[in-house]
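Have a look at this one before I ask anything.
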Amino acid sequence: MISATNISKQFGKLKALDNISVTYPAGECIALIGPNGSGKTTFIKSILGMVVPDSGKILFKGKDIAHDCHYRSDIGYMPQIGRYPENMTIGQVLEMMKDIRNHRGSLDDDLVNDFNFKSLLNKRMRTLSGGTRQKVSAALAFMFNPEVLILDEPTAGLDPVASEILKQKIVKEKEKGKLILITSHVLSELDDIVTQVMYMQDGKMIFYKPFDLLQFETGENKLSKAIATIMQQNQFSDIL
Amino acid sequence: MYSLPGMCGIIHVGKSEKIKTIKEAISHANERDTVLVHGGYYKEGNIFISKKIVLKGIDLPTLDGENKYQIISVKANGVVIDGFKIVHSGTSSLEDIAGIKLYDVRDAVVQNNVLDDTFFGIYTQRGINCLIQNNVLTSARKQEQASGNGIHCWKSDSMRIINNTIKGHRDGIYFEFVTNSVIWRNVSTSNLRYGLHFMFSNSDSYISNIFRYNGAGVSVMFSHHVKMFNNYFEENWGDGAYGILLKEIADSYIDGNHFIKNTSAIYMEGVSRTIMVKNVFRNNGWALKIQASCMETELHNNVFLGNTFDVGTNGSLVLNNFDGNYWDKYEGYDLNKNGIGDLPYRPVSMYSMIVERNPPAMILFHSFMTSLLDKTEKVLPTLTPENLADTKPLMKLPFHL
Amino acid sequence: MKKIIKYIITDILRNKIILSYTAFLLAISFTIFSLEDNSTKGLLSLLNIVLIIVPLISIIFSTIYIYNSAEFIELLVSQPLQRKKIWLGLFTGLAGSFTIAFLIGAGIPIILFEATAVGFMILAVGILLSIIFVAIAMLAAVKIRDKAKGIGVTILLWLYFSLLFDGIVLFLLFQFSDYPIEKPMIGVSMLNPIDIGRILILLKMDVSALMGYTGAVFKDFFGTTAGMITSFLVLAMWMICPLLISLRKFDRKDL
């Protein structure tokens, strides 16, 4: 579905992405993990065309994404911080996105219903809490039935109920065979969903392997524990 | 020689008359005879009049100088020239060739003539008590050298120049060493140099004239006891163009004139003991440019409206009195309601001083910076002459416009 | 792109700042024209507003708007939309809003009280300056990532165009007063859109004073049809150049 070859990106002196090559097949749920500043978001943004890599190539369904924008109609993106025109109401924002996307197929209103937006439709964006904005972002990401979902810290700021709704939605979409790419700090939430784990550090991809393989290698069931073990091993190897 | 009044004869000239040429008619005429010229086209070179006759045109006969001749020369007193169309005089750089020239005569009358494409128009030298009225003089020559003055008076006295229309000459009306004369209700426009050029001419008045679109406006120089009333000076544009240029003028009156849209309405240099009242200055670049050499000039009840700069000066003069005028830029108040502003008005703006020193600085006029400079200057005068102020500025217009 | 423009204009027009800007212009223009008995003074005050307030509000509001819309722009960029269209949509939205605000705030009073050549020139210059400073703001906002720094820079830019530039020009005028600098001055004035606008209005307003020798040089240039066209073309360049540069920048910008 998505394949990146030798992607590098430098911000000033900082190497945000260092020669990353990876292929994401459809039907997987990939957890993109790494410490703060490891380049996760930069990598996601490269895929979305929001960051232009210094070198390397990204193919989406076999097509180079450089200077293209139409491939993005197959992607639903939920940013870390969703901010919208402040004077618009939720309803207007939803309408606007429908208008802009010009989507032909059926719309997926699950999250709109589950998050109970009906009663909030007339609220202006500037009056909303961070969590509600996140809900709007989530609803928008899923609304157009995209083949690929890219979720940047999806549960950050969501209350447990909403968090759970979103998780269920992710599971549901995964079962439809969609490619789902998630970054998250709260690793415990990803346990049930994740099929692949990509670990990044200092702009480098440390590993990219199936979650079950990772569980097997580390002997840990939980993603957070598994990662912690890996990190310890890494430090250990650094010392050696 | 001594024909009696009432016995004067009339001699007709025309195609269908016995006498075909004006010259022939004049040669037959006696003193006080009238030569009546009927409509038609007369090419007779220079017509010389040395007898006191009336030369009157009927139906505007045309006298053509064929670009060679002075058309009418008068060397007798009391001649009347009335109702001719006088065209195409010669041009010379040595001689002042005119359409009608009066040599050392008195009591001549030149009226109701139309002059077209003449070098000089109507020219008098050493004339006394002559009347020049209701003539229309037009010249379309492009260069000052190839163009003479419309009505030119030199060393004359008691002249009356009334209701003439003069256009496109070098100077519209030219006065040099002319005394006790009046210039009244003339319209002098689009002349190459001055609408009125006035030098060494004392005790004259010019009243209710219109001077418009002249290359350099009006120039009044080296004269005293001049009265200028109710004239209009309009749209005289250019660096050296002034509504009036006043130079070395003394004991004169400038009253009730209108100055509209001139680059500089009045430029004064060496003017003394002159009274300027009830003049209206409207939409000029500079209403007054007063050089430091002016003294004892009194300005009262004048109206300043919409001028870019009210007063410009080159020094810190205090020898003139600016009290009691109406300035539209005045921002003071009148607490005791006596119609006189309680704060003095300083008509010289900071920026006018800057532009005076550095004319290209005009390109920055009305910019934020120049407004700031002007505002600072109002609080702390440094460049502008502190004593140049109207201490009794009027709150309302002193008269209806 | 039409949709983006539509949403941005509706968003900006709902913004209190632009509404108060329109109301401010409207109030001040009406006050100016009804209080001043003589229209020249009214126009002069209006001129100051056009030359000082309009660029200031345009540049600062646009910069803040762009910074505040960073996430919204991100959202749009992640959609199947061309970046160029997003940026042009933003520009058109901002420029359009300011044009509408100025047309209502100053245009109505001008048409009611001062439908003269000077009035219409002020109107035209006001609209052009609004658009130009939106373009400059967009360039600054796309070049500088930090919001506080970006706003600081735009205030400095405004200060430069409305004050410092003229100070430098005045300095040059006095430094080179012995030389015939009128014609080079025309070239120099082209480097500042506010100056071009001001001179165009000046030529309609203070034509008498400008007819002096020096002024005549300016008048010979700006007053002729060719000069007018050149000036308006240069003003157009002042719109297009920052916009194109910012567009190129935005097309390659990492969000």
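In this document, chain identifiers A, B and C correspond to the written order of the chains, with residue numbering beginning at 1 in each.
One rule holds for everything that comes next: contacts are C-beta pairs under 8 Å (C-beta built on N, C-alpha and C of every residue); 3 or more make two chains touch, one makes a residue touch a chain.
Since this is a predicted model, take the numbers as computed values, not measurements.
Closest chain to the protein centre (all Cα atoms averaged), using per-chain Cα means: C. For chain A, the chain whose average C-alpha position is most distant is B. A straight line joining the Cα centres of chain A and chain B is 88 Å long. Each chain gets one centre point, the mean of its Cα atoms, and the points for chain B and chain C are 46 Å apart.
We define each chain's centre as the mean of its Cα atoms; on that basis chain A and chain C are separated by 42 Å.
Interface residues of chain C, counted against chain B in their complex, comprise 38, 40-41, 44, 47-48, 51-52, 162-163, 166-167, 169-170, 173-174, 177, 181-182, 185-186, 189, 194-195, 198-199, 201-202, 205-216, 218. Only residues 3-4, 7-8, 10-11, 14-15, 68-72, 74-83, 252, 254-255 of chain C touch chain A when the two sit together in their complex. Across the complex, chain C is touched by residues 9, 11, 45, 48-52, 69-73, 75, 77, 79, 81-88, 96-97, 99-101, 140 of chain A.
Partner chain C is touched in their complex by these residues of chain B: 237-241, 261-264, 283-286, 305-306, 308-309, 328-329, 354, 357-372.
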